[in-house]
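Before anything else, here is the set of structures, which you'll find just below.
Next come two complexes built around chain A: one with chain B, the other with chain C.
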Partner chain A sequence: MSGEAYLTEYPAIAARLPGVDLPWLQGFRKQALQDFGVSGFPGNREEEWRYTNLSALNKTLFAPSASQNVDEDWLNQYSLDDAASVVLVNGQFSASLSRLQDLSAQVSVSSLKQALQDRPAWLESRLGQAVTSAEHNLVAFNNAWFADGVVIEVVAKQQLDRPVQILHVVTQADALAATRNLFVLNEEAEAEIIETYVGSVGSYFTASVNECLLGRNAGLTLYKVQLEAEKAQHFGGTYVKQARDSRFNHHNFALGSGLARSDIHTGLDTAAECSLNGLFVAGKRQHIDNHTRINHLKPHGISREFYKGVLDNKARGVFQGRVIVAEDAQQTDSEMNNRNLLLSADAEVDTKPQLEIYADDVKCSHGVTVGQLEEKSVFYLQSRGLDEEAARNILTFAFANEMVDKVENAELKALLLKELLERFPAISL
Partner chain B sequence: MSTSAQEIEHLISQEYKQGFVTELEVDTFPPGLDEDVIRRLSKVKNEPEFMLEYRLKAFRHWQTMPSPDWAQLKIDPIDYQAISYYSAPKSKKEGPKSLDEVDPQLLDTYKKLGIPLDEQERLAGIAVDAVFDSVSVATTFKGKLKDAGVIFCPISEALQEYPELVKQYLGSVVPTGDNFFAALNSAVFTDGSFVYIPKGVRCPMELSTYFRINAANTGQFERTLIIADEGSHVSYLEGCTAPMRDENQLHAAVVELVALDNAQIKYSTVQNWYPGDKDGKGGIYNFVTKRAECRGRNSKVSWTQVETGSAITWKYPSCVLLGDDSVGEFYSVALTNNLQQADTGTKMIHIGKNTRSTIVSKGISAGRAQNTYRGLVKVAKSAENARNHTQCDSLLVGDKCGAHTFPYVEVKQPTAQVEHEATTSKISEDQLFFCQQRGLSAEDAVSMIVNGFCKEVFKELPMEFAVEAQALLGISLEGAVG
Partner chain C sequence: MLSIKNLHVTINDKPILKGLTLDINPGEVHAIMGPNGAGKSTLSHVLSGKAGYTVTEGSVTYNGKDLLELAPEIRAREGVFLAFQYPVEIPGVSNIYLLKAALNAMRKHQGLPEVDAMDFLTIVKSKVKLLQMDEKFLYRAVNEGFSGGEKKRNEILQAAILEPKLCILDETDSGLDIDALRIVSEGVNSLRNAERSFLMITHYQRLLDYIKPDVVHVLADGKIVKSGGPELALELEERGYSWLEGQAA
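Up next, the complex of A and B:
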């Protein structure tokens, strides 16, 4: 069975996981372990996984690592100077690398381990609120295996004065970095959080789950910058529960890893808004799967979704976007768009935008395109003296850059531009 | 709201006009399905040996298959042993030599349905093969078609007269093990139409089949096979009705189309099986596998469907575009009302170079109905310069219905251009108000807007069918918005 080796290994790991003394957490983990034990990692026969094959997870037994070794110079290129930062090395919080000292008292940022010690009851009533093991078995896996993570809470009516960057770093070969993060924004609170995933070794497995609980009229902007190493397996799920009038803005940049799957699921209460933007650029044999779900549960919700994909060489890109409008959710306004550029004969894109609508007074639309660069545009640039490769690079870059342009954080934007330009070397502007 | 709730109630609750039962003496197998039933069936129809083997192979495979549950449908479990797999009007036994010998009651039935079965209605210019319960009762215009070299006959007759043609093509597009319902059909199909258009022939008239389920507790399993040889052209229509009964009846058909070099097939359906009453009691379960293979260069297949009937519709007319420069088209209007459920759409599989496909799907959901578009556009690596455009729009009428869109787009070829767009909305009050202030009643306004919404599809239908389709929409929907 899929995932068997992990189950066999679990008892040896369990004692080292946080919260052994908390009966509720033990129950939580036990349930997850049971769910995972039924069928292991999700397989292609599951509708939501039909385009993504996780068999690599069975070929290597990725194991937690206690190593805290990091080359700081290497890491610095990814860290944003203007942001407070939390660094997780191989899935464990690193106090020495994190910079939290200058955050105001209105916000509490701590490691999950610390939070489990300091306020277990507070966590008990929040963990598993936005997603459960029933979602799919990678969530179940995370529920059972998570070793640490970040907990951020913003007090009601307060605004984070600077963004918080969470740096997920893996430096140990074949390591398993299973982190669980909880972002709680109380009423009318505002925050900007940037998740960055990087690795300095070839093969490892990141399995992280974020739960975001947004109170009334709260606003969260969450960036995910996935720059995992070439052979890394990445799963990152973000599950959001939006109270009335709350706003959730997500930007998903998937540029790295061998195989990556992102889940971004949100449930909207009355008049809540969300916008999901995404860019995936894949080459070589990369496989990048983006899975989004917007669940309009109550009236007057607004959602906007825009994903762009650029696939080269033997890469495969997947976009699965689902918008559900519940019977109650009258006057929902929803738009979804997915545009893909196929650059090579061996690249593939699979896209599945879905609308499920149970209310009648709604405005919903979705659009998908798959295509290539327009020869006319390439020719135009060539006629201006550029060689063909540069012309194609410029056009592809421009296609992708539209998503980077939506980023408001200037420092992050610069980092993304640099990463993007590295992928189009023929541009020398 | 200008249209009163009562009015809407009245309009939605329009009765099914084709719901009469024809009292005929019928020859029916007792309910149940096993290998003996299949052997008996094959024997009754005096089929060649290969057919029996074909059926048994399909049946054995079917027994190993689970009933599919992936569609956005709620289906009560079907007891396949409670269905009778053969029902034929008794008078058919000797076989009518001409229309005069056909049971007059039967002819009356078709008259009620408005089918130009009578050769007197020659002017209608449509050759009709009518299938009543399980057997084909009459085919008109045989002589004229024969002159043109066109074979148009019940498939049971084709098995007697052209067994090698049937053997060559049957199951070559939809193999016996393709899916649960196709396997069942392959095992037990009783009749259907067979069409062969020889090289270079343009079929002189529209061909048409009418299906009707009459007897209680029977299933209808018809099989249609159309082969358009090189450079030929054919337009084929099918229509369906059934009486009103409280039980659900099963209809599991398979349609296979083969288009060779430069051939064109146009296949139009107006499906008006009994949809069940307003509480969802009774109605036809319509599980249909339709697939076309554009095998030749420059061939073209066009599916047009107007789906207004059936309690449950599970149907995905597909095109496999094998030949270079071949074209696939799919135009669909699916209307669901009351407790009807439809999960329908198409598959366009691009394999040949420069293949093109167009999908236009219009879903209208009213009452408490669920209407789903499910489509696949697949561009294989070999399909250079493939082109697809998909448009699916949904119109919601009433606040308890659902409209869903599940498109799948899989592209492995960088020169392919694929576009998909979908919208879901309701008839806006502005539109209604505009029409009304120009003097139209609310009813007419809605009818006009819905017809406009479906126009792109209706214009693909042959003239007579377009009229029928509009009338059908009218019966089910006119003014159902307030």
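Up next, the complex of A and C:
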């Protein structure tokens, strides 16, 4: 069975996982382990995993690592100076690398381990609220294996005075970094959180799950910047529960890893809003899969989704955008768009917008395009003195940059521009 | 400056130009007129290096070089500028970016240092004024959402900044109302000097009221069938093209 080696190894690992003294957490993990044990890692026969093959997870037994070694100079290039930061090295919180001083008392930011010690009852009533093992078996896997993570809570009516960056870094070959983050924004609270995934070794396995609980009229802007190392396997899910009038803005930049899968799911109560933006850029033999689900549960919700993909060489991209409008969710206003650029004949993208509408008074639209660079545009730039390669790079950069342009955080924007320019060396705009 | 000798060009084996010969000296303005399908746009595309055309016979010499051997961007850097009949919209790339990238590509080719940012802005703003454009155009994506007249003006703006040696205007007048035509023509006239040559391709005699050519040619069925002074254009306006078709140059 898929994942069997992990199950065999689990008892040896379990003793080192946090919360062994918490019966509720033991129950939580036991249930997850059982769910995972039924079929292991998701397989291609499952509709939602049709395009993404996880067999690499069975070829190597990725294992937790206690190593805290990291080259700080290298890591610094990804660190945002203006943000508070939480650094997770090989899936474990690093107190020495994190910068949490000077955050106001209205905000609590801590490692998950710490939170399990300090306020287990608070966690018990929140963990698993936005997603359960039944979602799919990588969630079940995370439920059973998570070793640390970040817990952020913003008190009602307060806002984070500066963004929090979660720097998730893997430095140990064949490591398993299973992290669980919980973001709780109470009524009318606001926050900006930036997840950054990087790695300094070739092959490893990131399995992370975020749960976001947004109170009434709360607003969360969450960026995900996935710059994993070339042979990394990355699985990151973000599951959001939006109370009435809340706002969730997500930006998903998937540029790294050998194989990456993101699940972004949100459920909207009355008059809640979400916007999901995404850019995936893949070359060589990279495989980047994005699954989004917007669940309009109540009336007057607004959702905007815009994903762009750029695929080169033999890369493969997947976009699945599912919008569900419940019978109750009248007056829903939803738009979805996915545009893809294929730069080589061997590149592939599978795009699948899915609208499931059970209400009768709604405004929903979707659009998908897959295309190549226009030769007339390439020639136009050449006729102005730019060589063909520069012309193609400029046009590709311009296509991708539309998503970077939506980033309001200037420091993050600069980091993303640098990453894009490395891939498409145009003269900066 | 430009010498085209017995040029034969095919598209998908279909002959379009059938022995075109044309010489342009420095500082001269030549107009090429002719009926639809005569090969006017093919000529401008072949000179600027667009793919999809096969030269089966003849030669094009530009300032002593075999122009047909050069990649499109090298032709541009050597001073050949094509003002497109249908300028291309390039979302995500601002006008000012393209202008600067193009100018620097040209300067690099000439062994000059990149243009200083302040100097560049000064140059660009003066040219924008010349073409009676709004400075906001500089920061909009190239041609995106521009009206027909704005697109044509934008082409001339590029020419004004890149200062080409040979400027090919491919139906720059078509689709322009009289005010836009006057502004574009004034822009073109301001670029005229003793070294710079122009090849104007047009359907309409009207353009030649604003930009006075030195020589007018009639292109029909892939060849120049008649050449003359500006008065030839007036004659064409009166008599049409049919009396010339089938004639040799």
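Assorted remarks:
Heads up, the rule we're going with is that the second predicted complex is superposed on the first by the 425 of 429 C-alpha atoms of A that agree within 3 Å, B and C clash if a C-alpha of one lies under 4 Å from a C-alpha of the other, contacts with A are read in each partner's own complex, and residues count from 1 in each chain.
Definition applied: a residue touches a chain if its C-beta (ideal position, glycine included) is under 8 Å from a C-beta of that chain, and two chains touch if they have at least 3 such contacts.
Given the structure is predicted, the values throughout are model-derived calculations rather than measurements.
Per the definitions stated earlier, placing chain B and chain C onto a shared chain A by superposition produces no clash, and the two fit side by side.
In the superposed pair of complexes, A:67 makes contact with neither chain B nor chain C. In the superposed pair of complexes, A:388 makes contact with chain C only, with no contact to chain B.
By the document's definition of touching, of the two partners only chain C reaches A:401; chain B does not. By the touch criterion defined above, A:34 reaches neither chain B nor chain C.
Of the two partner chains placed by superposition, only chain C is touched by A:380; chain B is not. Once chain A of one complex is fitted onto chain A of the other, the partner contacts of A:364 are limited to chain B, with no touch recorded for chain C. When the two complexes are overlaid, the chain among chain B and chain C that reaches more residues of chain A is B.
Aligning both complexes on chain A leaves chain B and chain C separated at their closest CA atoms by 16 Å. In the superposition on chain A, no chain A position is in contact with chain B in one complex as well as with chain C in the other.
Those residues of chain A that touch chain C in the complex are listed here as 374-377, 379-388, 390-391, 394-395, 397-399, 401-402, 427, 429. Partner chain A is touched in their complex by these residues of chain C: 48-51, 71-73, 75-77, 81-82, 84, 87-88, 90-94, 97-98, 100-102, 104-106, 109, 158, 162.
The part of chain A that touches chain B in the complex is made up of residues 47, 327, 330, 340, 342-372. Residues 70, 72, 379, 381, 394, 396-426 of chain B are the ones that touch chain A when the two sit in their complex.
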